[in-house]
Amino acid sequence: MTVVAARELRDGEVVFVGIGLPNLACNLARRTHAPHLVLIYESGAVGAAPERLPVSIGDPALVTGSLMVCGMADVFQLFLQNGRIEVGFLGGAQVDRYANINTTVIGSYERPTVRLPGSGGAAEIALHAQRVVIIAKLSPRAFPERVDFVTSPGRRVKRVITDRGVLEPDGPGGELMLTALYPGVQQSDIEAGVGWQLRSRPTLECVDPPTRSELQLLREVLDPKRLYLKG
Amino acid sequence: MSLRDAVARHVHDGDVVVIEGFTHLISFAAGHEIIRQRRRDLTLCRLTPDLIYDQMIAAGCAKKLVFSWAGNPGVGSLHAFRRAAEGGTLELEEYSHFGMVARFSAGAARLPFWSLRDYAGTDIPQANPRIKSVTCPYTGEALATVPALNPDVTIVHAQRADPQGNTQIWGLLGVQKEAAFASRRVIVVVEELVDETVIRSDPNRTLIPASIVDAVVIEPWGAHPSYAQGYYDRDNDFYVAWDGISRDGQSLDRFLDEFVYGVRDRAEYMQKQPDLADRLKARARFCAGVNYGF
Amino acid sequence: MSLRDAVARHVHDGDVVVIEGFTHLISFAAGHEIIRQRRRDLTLCRLTPDLIYDQMIAAGCAKKLVFSWAGNPGVGSLHAFRRAAEGGTLELEEYSHFGMVARFSAGAARLPFWSLRDYAGTDIPQANPRIKSVTCPYTGEALATVPALNPDVTIVHAQRADPQGNTQIWGLLGVQKEAAFASRRVIVVVEELVDETVIRSDPNRTLIPASIVDAVVIEPWGAHPSYAQGYYDRDNDFYVAWDGISRDGQSLDRFLDEFVYGVRDRAEYMQKQPDLADRLKARARFCAGVNYGF
Amino acid sequence: MTVVAARELRDGEVVFVGIGLPNLACNLARRTHAPHLVLIYESGAVGAAPERLPVSIGDPALVTGSLMVCGMADVFQLFLQNGRIEVGFLGGAQVDRYANINTTVIGSYERPTVRLPGSGGAAEIALHAQRVVIIAKLSPRAFPERVDFVTSPGRRVKRVITDRGVLEPDGPGGELMLTALYPGVQQSDIEAGVGWQLRSRPTLECVDPPTRSELQLLREVLDPKRLYLKG
């Protein structure tokens, strides 16, 4: 999943990075095909080159040796709202049929079953990044037909990268469709992980498996303590 | 001034209180002092409530939380917050980060509102009727608005200040400047008090001028388990440990008894944990100075 | 890239052009190159037109001036500007400083307008119908608005940048950051090109990131008679002399012939005035560095 | 005039300073009764301590050794509009009966007789400084009954310091009245310098003459080249 996400990135792009798998994917891309990727964190670190895997998006390692550090008003106004971010990565507790994301509540807003952290910068990343990529593990609970709360609208989502395959909207703001499978995964495995009748593109791509060097970088260099890589 | 005196004088029951700092420079020392002085009915505002507001919520200081992301960064949930939010015992007013930044920006500029292109297609305004809109007088476009946030008191942790309160910060800047300018009263807590000549030698680093500062407090390690760039690292182990500590109210109470109520001040807090300084002290990575001559 | 190539590529007839810098870091080199390349029908925007726009107006580059204070700072009038304004041959769009700052702020944030508490009781909005108002959705208060300014090209002079265009400035910051972010194209002109590691050693000093920069030009003394803190002083004698030079069109033309059209570039401009470097070179007044370690 | 202006300032105040006489007055006050005056220039220099008399408000000497340097967006939003400026000094080509100031045009706006520089920060200083002090030399041309163009409204003006005496508004936004005379100046001298029927307070104050040390500071230390002090 991380490797597929890394491959989403083109060299030289300006990427708004969240913590966890997106961060790992960006740092993998920087060490492989996209050395000039500019990583921007909502904390204000621009062009970070962290010496260790940052544990939070405000990690001091993102500051030391970065190209620029600015206040958060600049991050949101001059970078995001200005349209200077080419790719934004998002995750979420729920992703629905139209790629809307929920990171706010499970259940009703007033009396939630589970109170999640909320938007953070996710609402504005979804609205302002030129291209939004979602990373999320498939399960019927995580992919309901309709999210309980729209934290980030799906309009700019270009791709949803899951642990078994890739979904893409059927045109901007359209319904998510299965477009690519990971090696060894059946179409039915993916349909079972989604809470609605998932449609597929007529011809499905097959994603290349991670190369040995991609795996080695991830496991031995970028996340040796397995902070984010699990299983 | 001691932090005890600064909190006694400037933080009152019922106040709108801001302890800002995005991951960096969060004044845990001030939060703990507010808990020790048993302030009540506070409206706590912060983009990321973080562990410090989780502790203040658990200690019963908070009536209301104004925020944009309430999690344990890099770890998971804030359990005291979740118990209060899911139990309905804490009033919530919720924005996105940009919305909170805009509220502080408006407050700092003493404008009643701030315009932003945001919230179209999200359910956030339905959950928060204070998010409204305005029509651009040039293009006719509808833009979202948020109301100004003007706290009663803002507490800023910083690397250094002079005795008058001219305050310098480097590394992540968060919304510290906006929060301070938006606030009626400002307490600055610093790692180091420096001579005015140090401030004057590099004026571009000054984020907060003395003219808006009401109290200057020296409190080394006052941000732990948050961090101060160039002074000490973030204590990630503690952030991870908090998940376990805070999962039930009793172990959380034991933590407060031992590390907050059980110590008089930050110096005693540090004495209880003699390994901290060694484990987290920053290595030297000085930049070169620049020429201010003419 | 040479300044000649950068101007040839990025500044076109009819463009909305900004050469910013408040007293400090005004790119006279770029203004002179635009004059040499005989650009026409430009809309020139700047808070303080200063000598550089006076020269560009005299040379016939400008169709329109958007500004907030058109004088020779510390000296008196801008005579070419006055002749054009009093003769009605130059279109004017006039704000106050705050209005211009707000226009750049809106442009940089890609909002269509900016709100400010200003202009009540002044005649400025009568002279400029683009100043409008908006009603606060919370308080009902009427606030002034100005429209966003999004130039075609902004030219920023700076102390240093790396080859990609990550640009650092200290001393007076003016509205350089806002103007650059508001602009479709950005040319950075620097005193010194430095290695990326220099930029990375002190990231809080970076004002403009490479991702918004289209051309980086090295041009030592490119701001003279304006100044670059830490490099050279403002040439006050020239500002005073300009009053005499510009009082009549003929002596102004002779100046342009000799110092603008008569030289190929800034290096030749400096060779013509060998005393400048000695007279204005900055003395050393370095600040100490800070620790970015963790 | 400069000495009287300097005496307007109380120690510790935050003053928004323009160039020329206001700058001289502030630096005189700093060296006499108000060492903790905080001088803010619209260029972004806060708490400046210039080693030489600055020739412009963007002089590098205002930066070197100052307490803070910020961008102009902060000057206007965080200091001025925020209400953090206690005193603002203004000059002007014309000052009228209600203390409105004109620094824009003499004659009509469209076809001016004399095109002046315009507002700069003067409009917002007049609107946001808690107390506005005007410094201007008396003459019927400089003090017309009505200015040709209101650049800065007179509402917050507390005092107009001239070369012969002091005028004050009769209540906020009220008509300017003569309140104090310099030593040796007759009431009629001042009435002759104003383009309307000037009223006076029933009892006029007499301004103390400059002390020897004030004059010495001005002439020998602050402006030895007589850049601003004339005659």
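Order as written gives the chain letters A, B, C and D; numbering starts at 1 within each chain.
Throughout what follows, a contact is a pair of C-beta atoms (placed from the backbone, for glycine too) under 8 Å apart; a residue touches a chain by one contact, two chains touch by 3 or more.
In this text the structure is predicted, and so the values were computed from the model without any measurement.
Engineer: Show which chains lie in contact with subunit C and also with subunit D.
Structural biologist: Touches both subunit C and subunit D: B.
Engineer: Cα centroid separation between subunit A and subunit D, in whole Å?
Structural biologist: Here subunit A and subunit D have centroids separated by 57 Å.
Engineer: In whole angstrom, how far does the Cα centroid of subunit B sit from the Cα centroid of subunit D?
Structural biologist: About 40 Å separates the centre of subunit B from that of subunit D.
Engineer: Quick check: how many Å separate the C-alpha centres of subunit B and subunit C?
Structural biologist: Those two chain centres are 37 Å apart.
Engineer: List, in ascending order, every residue of subunit D touching at least 2 other chains.
Structural biologist: 45, 60, 63-64, 69-70, 77, 81
Engineer: Do you know which subunit C residues sit against two or more other chains?
Structural biologist: Where subunit C meets two or more other chains at a single residue, that happens at 110-111, 116-117, 170-171, 173, 177, 201, 204, 227, 229, 233-234, 282, 285, 292-294.
Engineer: What's the contact topology between the chains, one of line, ring, star, complete, other?
Structural biologist: Chain contacts: none of line, ring, star or complete; other.
Engineer: Please give all chain pairs that are in touch with each other.
Structural biologist: All chain pairs meeting the touch criterion are A-B, A-C, B-C, B-D, C-D.
Engineer: Of all residues in subunit A, which touch subunit B in the complex?
Structural biologist: Residues of subunit A touching subunit B: 19-20, 42-45, 55-60, 63-64, 69-73, 76-77, 80-81, 100, 104, 109-124, 126-128, 149-153, 155, 227.
Engineer: Show which residues of subunit C lie in contact with subunit A when the two form their complex.
Structural biologist: Those in contact with subunit A are residues 108-111, 166, 177, 181, 196, 199-201, 203-204, 206, 209-212, 292-294.
Engineer: In the complex of these two chains, what residues of subunit B are touching subunit C?
Structural biologist: 110-113, 115-117, 132-139, 141, 143, 145, 147, 159, 170-171, 173, 198, 201-202, 204-205, 227, 229-234, 282-294
Engineer: How about subunit C: which of its residues touch subunit D in the complex?
Structural biologist: Checking each residue of subunit C against subunit D gives 22-24, 47-48, 67-71, 73-74, 77-78, 81-82, 85-86, 88, 94-98, 101-102, 104-105, 116-124, 126-127, 170-175, 177-178, 227, 229, 233-234, 236, 239, 282, 285.
Engineer: Give the list of subunit D residues in touch with subunit B in this complex.
Structural biologist: Residue positions touching the partner: 14, 38, 45-47, 49, 60-61, 63-70, 74, 77-78, 81-84.
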